[in-house]
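Structures given as structure tokens follow.
Shared between the two complexes below is subunit A, which pairs with subunit B and subunit C, respectively.
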Partner chain A sequence: MRTRHFVETYQKHVALSDSPATWSWVAIFIIALLAFPFLASTYLLAMVTSVGIMVVGAIGLNILTGSTGLISLGQAGFLASGCYTTGLLITDYGWPPELALPAAGVVSALLSLLVGIPSLRLKGLYLAITTMAFSFIVTHFLLYAESITHGPYGVRIEDLNFLGLDLADQVQLYLFVLAVAILTALAALNILRTRVGRAFNAIRDHDIAARVMGISLTRYKLFAFAISSFMVGIAGGLMAFQFRFINVDIFNVLLSIEALAVIIVGGLGSVAGAILGSFFIILLPEATREVLDFLPDSISSALSIYIYEIRGLMTGLTIIIMLRIKPQGLVGLWRDVKRYWTHWPLSK
Partner chain B sequence: MDLFLNFVASGLVIGSIYGIIAVAFAIVFKTTGVLNFAQGEVMMLVTYTSWSLGTELSLPFYALIPVSIIGAALIGIVIERIFIRPMIGQPVFSIVMVTIGLAVFLRSMIVMIWGPDAAPFDAAIKDEIIEIGPVVLFSEQLYAILLFFVISGVVFLFFRFSRVGIAMRATAMDETAALLMGVDVRKISSLAWAISAVVSGLGGIAFALMFSRAPDLWFEGLRSFPATILGGLDSPLGSGFGGLIIGVIGALSEGYIGQGLKEISGFFVIIIVLMIRPYGLFGDKELERV
Partner chain C sequence: MRSLRYGALCALTMLIPLSPVSAEEGVTKTEIVIGNVLPMTSSAALVGRAAHFGTVIAAAEANANGGVNGRKIIIKTEDDGYVPARTVQGLRKLMDEGLFGLIGTGAGAGTAAILPILEEEKIPTIVSFSPVKASIDPIKPTIFMIGASYQDLIFAQMKYIHDNDVPENPKYGIIRQDDDFGNQLEEGFNRAIEAYKPEAADPIRYKRGQKDFGAEILRTRSNGVNILVAGGVTTEIPAMLKEASKFKMDLRIATVPTSTLPPIMKLSAPSGYHYYSGDYISPMGSDGTAHFAEVAKASLTEEELGAVNRYSLTGYVAGKIMIEAIRRCGDEPTRACVVDKMTSGEPFDTTGITLPLTFAPDRHISATAVRVLEVDPTAGTVTPVTEFEQF
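Now for the complex of A and B:
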């Protein structure tokens, strides 16, 4: 039985993880993801591409809500601004996608500073509502500022060439999204274990105490907003790449709520949680559909009209059940399982 | 000037609906410290139930209202018991997230039960035209404004003078002390949910009488947030009048500035208000001890 884990060298201290087991699991996971497009159907591939995009956004939200404790109900707004920035820069202004994607992150980050400044005085629920207000204002602008955003007609991106990759191709898009998701995860893991990340956690746990210890609330809250929204904006840009037809309709309140559901189900404040949660939330409606197929035809066809409602029902129930039985999310569940096995037979 | 007065009147009409829902938000927040994101959905559930009672059992309107009030109270109590009570002791963030989950859940459930189509809510008191000077209103619009004032008055008197209302304020102020004084704190929470379900349900019925019983009714709940914020989350009366202000601002900006502003002018207003007074116009400033 392992009693304790001792870190003995400096290298081990600064390593992202000093456990060979973790590294080998990550390696297996990444190899599986790389092999995935050659095994799976196009439908599944598109779905896992969506998971990848959601991972990028969820990691961003998790930095803001999970690590810093600033609740945001306006993710749809940040996603929409990123998505439209990329789409419009490519179509109307002829920017190359290589520049339009980072621009999405930058625009979202700048907008988040606009929301962030009033948020310095706000706490908890008031902040959640301000961010929600922000997302309504963004979608309103997108819908009514027709001369800039094409309003209700949407934006169509014809072809996409990113550093020689043809992103209209499913497999290449998938690999590209995978690369961005891995980069985002690495960035977040590194941010969260540095001074900045610990400052975020301190603000979440008690902001006045954090301030007393010399953490500038203004700087770090705004920084959390900016980093988080940069990632969410990138996720929005990736959405533009995936759909290639952008419409304001998908950026509704349900999307913001689903984003929160992802990090609650996965585990607040953890990168692995954002990844697990994204898989869970996207694959859940699919799993439901599979289950529905087993039901007698009369019932399943009656239910199939309500596929959107069933999705909402499942999202809502998942949030409620998860908070009730396992507030630490899937990551917490995983930790419990691990502890059980390492301590067996002494585990209780 | 006539146009202006009519804009103000229509703003007051929709504002009184916002106000009623905002009062419901504030009641739950004041007593339990939880912002109920599912308020719009609770309202929707009450309205749909009452619509079914009205059309399918064809209850006359004056019988329908008492039955709806009882039904709404039951709905509030049941929701509190199933979803909120087990979360007692958890951080407020978790409970608020449960209400968000509940909102999505109820919304989908309602559409699955009643279907996605809108239906008119008919009652005998509808469709008379009433002229007050240059302002023309339908009778149901006037009743909505009246309902707002009645509800505000009753809620004010209830919290100010009734024994239960005082117990609720005591619980809000200091739960432990209230418990030691013999207040049944658990009952207070379910009572708050019942009252807020009744209040918002009446608002929903008034709204459905003016427009229709439709699956996007829940959105009125979100639109009432600015009202609650403007008035202060912990002040039922302030929230109510916040609703009137938001309604009038919405109608005027829609009328004079641009189309579509009715929906979002409120959100502009609260962002500005929160920058100046982070606890709403009439809310209590929160002092924090470290």
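Now for the complex of A and C:
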């Protein structure tokens, strides 16, 4: 049993983890995820693909909100710009998906600078409202610039070959999203351990103190916006691959709030939290449905007309209870469980 | 080591296969599954639920008569919350659980979103909830549509007003939602403007979910509009009428079929306006719907009956046609056979809700003739003022 943490070499110091057990768990998790599509149903596969896309977006938001302390309600706007960039470049301009996907990240990152610059003097709720306004501007543009965006008719994407992968195939799409999610997680873990990541944390904890220490607030806040939005834009591009029909209806303010819920429920400022939160928020309605399916037929039929409202209520209630019991989120819960088993049978 | 074993166990648990395999999807020895993906929640729940219950009534009627060649019809409905991305998810879930045919296909954008999947999977589908031209133009082998487009519904009313009820100094205007639904209404409006060349104001768009129409009605009034297409989906229509009544505007009003739903009429009554609507089926309570009403009463609970409305009729008609096509395929129904039977030209009886409907290999649409209705929300009456006519 490990009781202390001593680092003796530089390699160990810069390693993501020096614990063999941690790497074993990660390996098992990835092997399970790789085997998953060959055994799971297509619907469950589509759900977990959605989780993967949510993970990419949530990690991006976590860098901005969890690590840098900049609250954003503009995620729907960045997601929409990424999604439409990919869809329109493929459909209207004949770009290959291999270029259209990174372009989604670049366009979102550039747009984030437009929001970031005027937002440099804003914090907390004021920043949240500003970013929300950006989201409204984006959806308004998508709806009314019909000659560019197809307006309310949406965009249908036909050709989806990405480096030899047929992304119209559910399994191949899942594996592709999984690869992007893993790369995003690794990128975020590395960024957060660099000088840049430490600067983000310093700004989050006390921006004036960070400035006194020589951290350029302008540069690092814009950097946080750009990195975050790049990842969210990529998530938007993946959404275009998944649905193959994009329409402005899904990019509403509720989506931005849901993204915030993901990182809060998962655990702010943690990549693992973004992953756990994504699984929780996307799969919770399904879990609720399964629970309700176990009800006796007499109760089910009595509730049949209200069943959809009951599901929504149960989902909301579960999130409230979860945050009431464990404000640190699922990551906090995971740490408690880990500590309990490490110390068992002496755990308290 | 213990943690490794525990981890391996968890990983294995995740890999339990979840989907059954069968010869023809959605068909077992005892059951045939027909699906809906409909807005059971959201602002469109009033119509989505009604459509769902229409399909339930059609299935219950078939099952009460011994099922279809000995098999029971099962209706499975997924909620898309009026969001196209969720229509896709809902369809995938139904396919996963075993789906033979699809009736409810979500709203306009939702239908458009699932068309590629329906084509790829060759699922027999009847689009009836929200007729979208793209469903059958160009023709897709397994997809059929019942009902006139919104363009035709609006054009029919504007033609009627132009021919029979035109006010002095007529000026036409439209307030419509800023989505594909609103676009279809505007296309119908524009068609009438091009046909009759009347004076018309610029279309006014409102954002989905908007509740107050004070600004839009003020603009309509300042534009001098006296023939208005009130292009709301459900509760937006009475909200527009309420604002117009504050200014005592003298209006001829065209609407979509939701305006004939009892809750919408009840909300519209205080405004004092009569308005027009258009439809391709018989109104609720008419002789054409007597059989439906009888079966509905026998099939649903009191509470469920409260959710039945005009959209239940289209759900019922689509359900009847799908079930009859399956029945005509005999003991071993296949998707290909159902499509063959649909396009055979043999009529499908809809118990008087419409004339018997037919499809053909080069015509996957039916029930496109429109009848203009006059709605008196105070009296709660819906009166046809024209016969069914093609537009």
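As a working rule, the second predicted complex is superposed on the first by the 314 of 348 C-alpha atoms of A that agree within 3 Å, B and C clash if a C-alpha of one lies under 4 Å from a C-alpha of the other, contacts with A are read in each partner's own complex, and residues count from 1 in each chain.
Here, contacts are C-beta pairs under 8 Å (C-beta built on N, C-alpha and C of every residue); 3 or more make two chains touch, one makes a residue touch a chain.
Bear in mind that the values here come from a model prediction, so they are computed numbers and not experimental data.
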| item | value |
| --- | --- |
| Which superposed partner A:312 touches (first subunit B, second subunit C, both, neither) | both |
| Touching partner for A:43 - first (subunit B), second (subunit C), both, neither | second |
| Subunit B versus subunit C as contact partner of A:25, first or second or both or neither | second |
| Which superposed partner A:143 touches (first subunit B, second subunit C, both, neither) | both |
| Touching partner for A:124 - first (subunit B), second (subunit C), both, neither | first |
| Contacts of A:225 with subunit B and subunit C, given as first, second, both or neither | neither |
| First, second, both or neither for A:200, with subunit B first and subunit C second | neither |
| Touching partner for A:35 - first (subunit B), second (subunit C), both, neither | second |
| Residues of subunit A contacting subunit B in one complex and subunit C in the other | 143-144, 309, 312 |
| Subunit C residues touching subunit A - in the complex, by the definition given at the top | 3-4, 7-8, 10-11, 14-19, 40-41, 45, 49, 79, 82-85, 88-89, 92-93, 95-97, 109, 112-113, 116, 120, 178-180, 182-183, 208, 301, 303-304, 307 |
| Partner subunit B, residues of subunit A touching it in the complex | 71, 117-118, 121-126, 128-130, 132-134, 136-137, 140, 143-144, 208-209, 212, 253-254, 257, 260-261, 264, 306, 309-313, 315-320, 323-324, 327 |
| Complex interface listing, subunit A residues touching subunit C | 21, 24-25, 28-29, 31-32, 35-36, 39-44, 46-47, 50, 143-144, 151-154, 156, 158, 168, 239, 243-245, 247, 249-250, 301, 304-305, 308-309, 312, 341 |
| Residue ranges of subunit B in contact with subunit A within the complex | 35, 83, 86-87, 90, 92-94, 96-98, 100-109, 111-112, 222, 225-226, 229, 233, 258-260, 263-264, 267-268, 270-271, 274-275, 278-279, 288, 290 |
